[in-house]
Amino acid sequence: MIALISRRFIQLVLLLFGISFLVFGSMHLAPGDPATIIGGPTASDSDIAAIRDSLGLNDPFLVQYWDYLKNIFQGDFGYSYQTKQSVAEAIAIRFPNTLNLAIASMIVAVVIGVIAGIISALKQNSWLDVTSTVFALGGISIPNFWLGTILILVFAVNLQILPVGGLSAPFWTVEGMKQLILPAITLGTGSAAMIARMSRSSMLEVIKADYIRTARSKGVKEKTVIWIHALKNSMIPVITVIGLNFGFLLGGTIITEQVFAINGVGRLMIDAIAARDFPMVQGSVLLVATLFVLVNLIVDIVYVFIDPRISYD
Amino acid sequence: MEVLEKKSLLKLDGVQKYFPIKGGFLKRVQGHVKAVEDVSLDVYEGESIGIVGESGCGKSTLGRTILGLEDITNGKVLYKDSEIQSLSGSKWKELTKEMQMIFQDPYASLNPRQRIGNALEEVFVMHTNLSSSERRQKVYDLLKEVGLKEEHYDRYPHEFSGGQRQRIGIARAIALNPSVIICDEAVSALDVSVQAQVLKLLKNLQEKYGLTYLFISHDLGVVRYFCDRVVVMYLGNTVELASSRDLYSNPLHPYTRALLSSIPRPKVGARKDRIRLTGEIPNPANPPSGCPFHTRCPLATDICKQAKPEWREIEKDHFVACHHVEQEVVN
Amino acid sequence: MSAEAVLNEEIQPETKSKKEKFLVTTFKRLIKNKLAVIGLVIIALQLILAIAAPVIATHDPLKQALADSELPAFSEGHWLGTDNYGRDIWSRIVYGARISLSVGLLAVTLGLLGGVTLGLISGYYRRLDGIIMRLVDLLFAFPGILLAMLIIAILGTSLVNVAIAISIWSIPSCARIVRGSVLTVKKQEYIQAMRSLGASDFRIHVKHILPNCMAPIIVFATMRMATAILSTSALSFLGLGAQPPTPEWGAMIAQGQNFMWTSPHMTIVPGIAIMLIVFAFNVVGDGLRDALDPNMDLNQ
Amino acid sequence: MSNELLYVTNLNTAFRTADGELSAVRGISFSVDKGETLCIVGESGCGKSITSLSLMGLLPSNGYIKEGSIDFAGRNLTTLSKEELRKVRGKDISMIFQEPMTALNPVLTIGYQLREPLMLHKKISKREANKQGIDLLKQVGIPYPEKRMNQYSHELSGGMRQRVMIAIALACRPQLLIADEPTTALDVTIQAQILDLIQDLKDDLNMGVIMVTHDMGVVAEVADKVMVMYAGEKVEEGDVESIFNSPQHPYTQGLLRSVPDVDDPSFELEAIPGSLPNLNENITGCRFHPRCPFAMDCCKTESPKEYDVNGTHRVKCWLQEVREDGSAREKVAT
Amino acid sequence: SGGSDGGNASTDVPQELTYASTSDAVGLSPIMTNDSVSSRIIEQVYETLFTRNPETMEVEPKLAESYETPDENTWVIKLKEDIQFTDGTPFNAEAVKYTFDKFRDPKTAAPRASLLEPISEVNVVDEYTVEIKTEKPYGAMLAALSHTNASIVSPEADKAQDLMKEPVGTGPFKFVSWTQGDQVVLEKNADYWQGEPKLEKVTFKVVPEVNTAISMLQTGDVQFIDAIPSEQLKRVESLKNVEITKNEGTPMYYMGFNMNREPMKDLEFRQAAAYALDREAYVKKLNGLGVQGNSIIGPKVFGFDESANEEGYSHDAEKAKEMVEKNGYGDQKLTILTANTEAYMMMAEIAQSQLTQAGFNVEIESMEWGTFLDTTKEGNFDITFMGWSNSTADGSELLYPNFHSDNIGSSNRMAYSNPEFDKLVEESRSNVDQEVRQQKLDEANKLLVEDAPAVIMHHGVVTAAYDKSVKGLQVDPTGQWSLYNVSRE
């Protein structure tokens, strides 16, 4: 296990190199020039030239990349082309919000998803199953924008029991929780849908197994049969999906952040890409990549605890 | 059935297989189960060699290790003078054509989503160029040979009884006429009549093709009937090896004796007094020093606790690892 | 020569009949599932819509009528209403089915091909696992829009490229889901048994591991349809793929979002279309999963 | 109060399959008394396991009891609700399954699976259950049970798994134990130990045992009564001496002849020719007749009646009739 | 004065105001930014030398006291005395020179550097007098100096800190805090030279989604939003607690032709396209948030003359069809390149449909903003849509960058080149006599309308929606507003 973890960290470093290079390269390859965007349509040629120069964009590509790497080794993730803010600081401001939101919506997703999935599986093809299927599909086919706006309309505007948006209070306060509820539901439904469908299907895979019969032969309550004997065996794909979704959420979710005016990483990244704000894009991509590797590491470790037959060495 | 020219087909040289024990929060390796400690053995072409021993003494692990399904910890397995563990790709495929295994757990060794007809046919798909109708015919023949029917072709493994599944495993192993078959409890789930039928089949194949069997079994009656030689294992070690005639009439190792005395006889009231093994059952993760059997041996003395007995040829072709054999023989 | 030919002739019907038999029994099992039948019917209907669009549509889907814009559903002449440019929504839905269905299917198929392959390899070969999974992490972390922009820059804008872009987004998820299942399945005894029978790795993967990982793959693929159709709109907004005024469901929803307050039907109608198709694929997927699961008793 | 524990009448179990309905068990009746061991023997695939599973109410999803009643301690198990049946299982009736690898949960520790019935039915604490679990493992002869409690089934040898299954089944000291080939993977010393253990429990608790086995040695050692099954039907039943000493049905006779003899090195195996018919095969008359060396015309057309050999020994074979009047011997086919 | 009347009534309402914008400010330095959100905040914190009266559209002095132009290339500006920046630095000629020099320094790379580009030198004459020299006469000087980007910054503060993060100006409000991506908080400048403002605290909140901002306006989380999209207008109008202002504004939106490509080079093509466009129908779709007209220079922009609307080519479907048929314009497939923002997409969709009806063969190609800027700059388009906010409200500042041949390859995306027109624009820029400038601009405007390298889609209407408790808010035609006179009741 320790070997696994240390191996992962080495891989992570390599990955970060690789991805920073790729992102750097593709930002240069993609159309659009940061200077033109900063200058806007009003800017004259000389304005833009001056901006380009001040951003160091006239250096050859590899020189720029090398400079970037050098700075990173000194712990300096650069400064935004546009706002001149420190990238590290900009991310530090937003990441806690994203993390809050990701955790809250994952809780929503896992609780709803797993329960709905299991009920579906147990009552396969019953009206309960069909209902939960329809809800799950609704969850994945309704765009977050729509759902979020409707939720705001109902709970914030009409009933006035929850705030419209923002995420200013820490999540452990009542205010913070109130602020999180709607966005968490909005975001959670998609994941919940996937988790529900996944749980249902893997539950159906294992429920016919011989060891389930053994459990029943012991007189174990049906609930225990499901929640312990079957669930653990069916968890691998579900855990994978949970990990995946959590990873995605940690990377920031543009639409929900926008609808609920949450100051998160997703918006930061999208704005940065729109503005061709290379250092900012780089910074956020590196963050997201690191998070992904960490989440996947955790998922891989969880696998071992779920299924003792799995080993990585 | 004297073997005139003994040609060693399969040679086990100090085979050892340890499994790591993981535990604790980080699942760190905390020790090793010494499933197979030290097994050296020559298997001659065309013979059936029985492997018997206490449950958990490493028989299946030995079988799987021979076939390369487990990484070997130490030692070598030579098949026709080439080391199995280092085979790769096409060589490996060649080998599997010649060496097959019947798994102890037939249910687990069948793909639950494959009809058994397809499972059997697949063997021919992989190793022969038979046309599909020929293959199908072969499968029907195989099914018949192990006492199943053509109608079973389209069924899935879960639709069979335990014994039927075991026969599917046997059919799959003999499909290609291999030279060596490792039978791990191959007939344990069969009723005596079908068992007799299957054993006869195996014997016939042996006579026809000079097959070699490694026959792991707990049924000492079957072993006696089926095998030319028998190895007795205890806690990952071989403790006695002899021709079945010798072994059954003149068991030397105290464990072998205990074993033979415990065979239930199929006669009502025929129950003999058996040798009851008392004392501590040793832990394969931490085997006792000296003779592995000393904790339960009725003859154990101090020397047994200290020195591991040598593997000695006491009589011709009768090997045993025990400090007290001579003394016994003399008595 | 002739003998061979005869032989071949004999073989072919056999093989065919075997495959056919498998398909037929699977299909028979499938249509025992009422929901799956409903799903099949929905898919068939949508396909008919897509193919016969010119016949079924009541209006030119591109024809604007600014004066008649934002008519609600069940208006005269426009039973599903009109959009903000006065275009007939029913006709747009009908024509939109073509693009949305084909992009959705193509994207999911491509994504599955990539994802399943990577997942299988990575799950089975310990040595490649690290590399492939980090590659997958890289794909995950790589911003989607940037990718789309690159695709436009390098490959240009076409519907196939939309499908490619979307499929690249599905590859990492798919790969991880498959890998997770492979990790469990490969430790099963029957996989070892296949190895001992001399099965090639390819055979083990495709015939033995894959069928036993099918359940999560089916779920993933059928759910992904929704995401794929919805994300088409984001891409056409970037200039990749179907451009306005071409009707396409995802874009219709995106456009309607600005009119949620005044003309909610502009989003609800295409939303329902997507939901129906995703529902259909899901229940058919469920049915297929059951039909492929020999352990499943369909008669009870 | 009667001594009767289990009374099965006319049990019919069938499967739904692609080829239609298949009858696996056809009208079997038998009984088990307290403190009695019934051994079921019969050809592989003849329906022994399905009979056992029917008793437990744990048939595969496509199997169902078509007919018959199962009276256990005064209750008809076939009419109990799921919840009531659950309460009986594990506590009053428990079962050792035939294939221990697939019957044990691969992702739960041995300890968990063993503690579970103890905590559930005996309402004891986890720690206590752990202690008793270790004791149980010791009783079934597993070395270092403390360690094994934390292991998973794939880390055990075949015989160990089987012993774990046995320990689980015995955990709650059931009134009725159904053991489906419980000792196939065990070496004889441990087998003897296990059989002794079951014998002791039987004596202590007056437990009834149904044991499915192929090992005639085991039958001879433990059985009070033996039931011989063939192709889903009961063909012969009787006390153990009577069956071993004077088997009546040609199938039983064939079976006993096939047992390899350890004590006789020159022994040659003799198998019953032919094979078990398919479940859906429509055989008129006696289901054994195609393989029976003594088959007569009536065997082909009419199902044999059940004949009483002596008070406890019953057999279903037309030969009985022949024997009774002693005249038709010549009719015996070759 | 005005504020003190409301003083009594407003006791229970906190004098605080929250404004929502859809994006965050890029920064809070007038020198380093060029976006509207930043300028909204900068407008409250800093001040310019001159300002344009929102009603009369006349330029009036603000921090300046008066000015004179001794010669065409020299502007001598007298400054108001006794004004201090909020950090205590005195406002004087030094500060003005510092600001402008910094602004013009290529090393600074100010995004709006072109604004003061004609200036060659800034000299301190005395404590309160600066002299600005230009190479060529610069007619739009006062308009440029009233642009938010020409606000005067505190030199001390600029040296000590990053004005992008912590702005210091002379304005009615001073900076309190900025949470990036979330909000900027200002408080009143109690020492403001015109007397302290009524609002105690102002928050500029980022609410990226207009729908959400409107919901917040409805619930009272936000009191003020502006630039309402036309699709949302109905909803805002339905809110009971909300007041809406709509004023004709300076922004203009046009369809531009690539003058380097066939057949757009062809005047007849452009005429046909203009005839094909039913701009009346289009403007109606804007729900009153647009003004129709043919004049390129809008009614609120210096240089506009009503008569220009009479020129040009109004909707005439028949004529368009005829011309298309005659010239075979439908044979060639052309693309309408558009940025993927709502407003432009709408223009593109409607225009595409109308052009198609007239027989043109046009397709839409949408692009993300950054790519769009690049692509149009490189001239890779046939027809496109663009807009100009005219924040100086001066016609020269519209015609020169967008249509003058000097700017081909940058802001003159259509590559329009007409020497006669160039000359008129140059004259309008280089003349300091406003009468003459008006004259020249009108001529240039009409010429442009005739030549139709661009067809006006609509002139903007600036909007604001605010809670009924908000009083005294006035929105400039440029879309700017000052909160100085605003109070809550």
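Think of it as A, B, C, D and E in the order they're written, each chain with its own count starting at 1.
One rule holds in what follows: a contact is a pair of C-beta atoms (placed from the backbone, for glycine too) under 8 Å apart; a residue touches a chain by one contact, two chains touch by 3 or more.
Everything numeric in this text was worked out from a predicted model, so none of it was measured.
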item	value
Target chain C, source chain B, minimum contact steps	1
Neighbouring chains common to chain B and chain D, by label	A, C
By number of C-beta contact pairs, the top two chains	B-D
Centroid spacing, where centroids are CA-atom means, of chain D and chain E in whole angstrom	92
Inter-centroid spacing, chain E versus chain A (mean Cα positions, whole Å)	38
CA centroid of chain B to CA centroid of chain E, Å	89
Separation of mean Cα positions, chain D and chain C [Å, integer]	50
Two or more partner chains touched - positions in chain B	105, 107-108, 158-159
For chain E, residues that touch 2 or more chains besides their own	211, 368, 371
Junction residues of chain A, two or more chains touched	30-32, 149, 208, 210, 307, 309
Chains touching one another, given as label pairs in label order	A-B, A-C, A-D, A-E, B-C, B-D, C-D, C-E
In the complex with chain A, residue positions of chain C that touch it	33-35, 126, 129-130, 133-134, 137-138, 140-143, 145-147, 149-150, 152-154, 172-173, 176-177, 179-181, 183-184, 187, 215-216, 218-220, 222-223, 226-227, 230, 253-254, 257, 260, 267, 271, 274-275, 278-279, 282-283, 286, 289-290, 293, 295-296
Residue numbers on chain D that touch chain A, as the complex places them	56, 58, 60-61, 82, 86-91, 94-95, 97, 99, 102-108, 113, 116-117, 120-121, 152, 154-155, 165, 168
Chain A - residues contacting chain B, complex	1-2, 210, 304-305, 311
Touching residues on chain C, where the partner in the complex is chain B	7, 10-11, 14-15, 18, 188-190, 192-200, 203, 207-208, 211-212, 292-295
Touching residues on chain B, where the partner in the complex is chain D	19, 21, 23, 33, 52-61, 104-108, 147-149, 151, 154, 158-164, 166-167, 185, 188-197, 199-200, 218-222, 224-225, 244-245, 248-249, 258-259, 262-271, 274, 277, 280-285
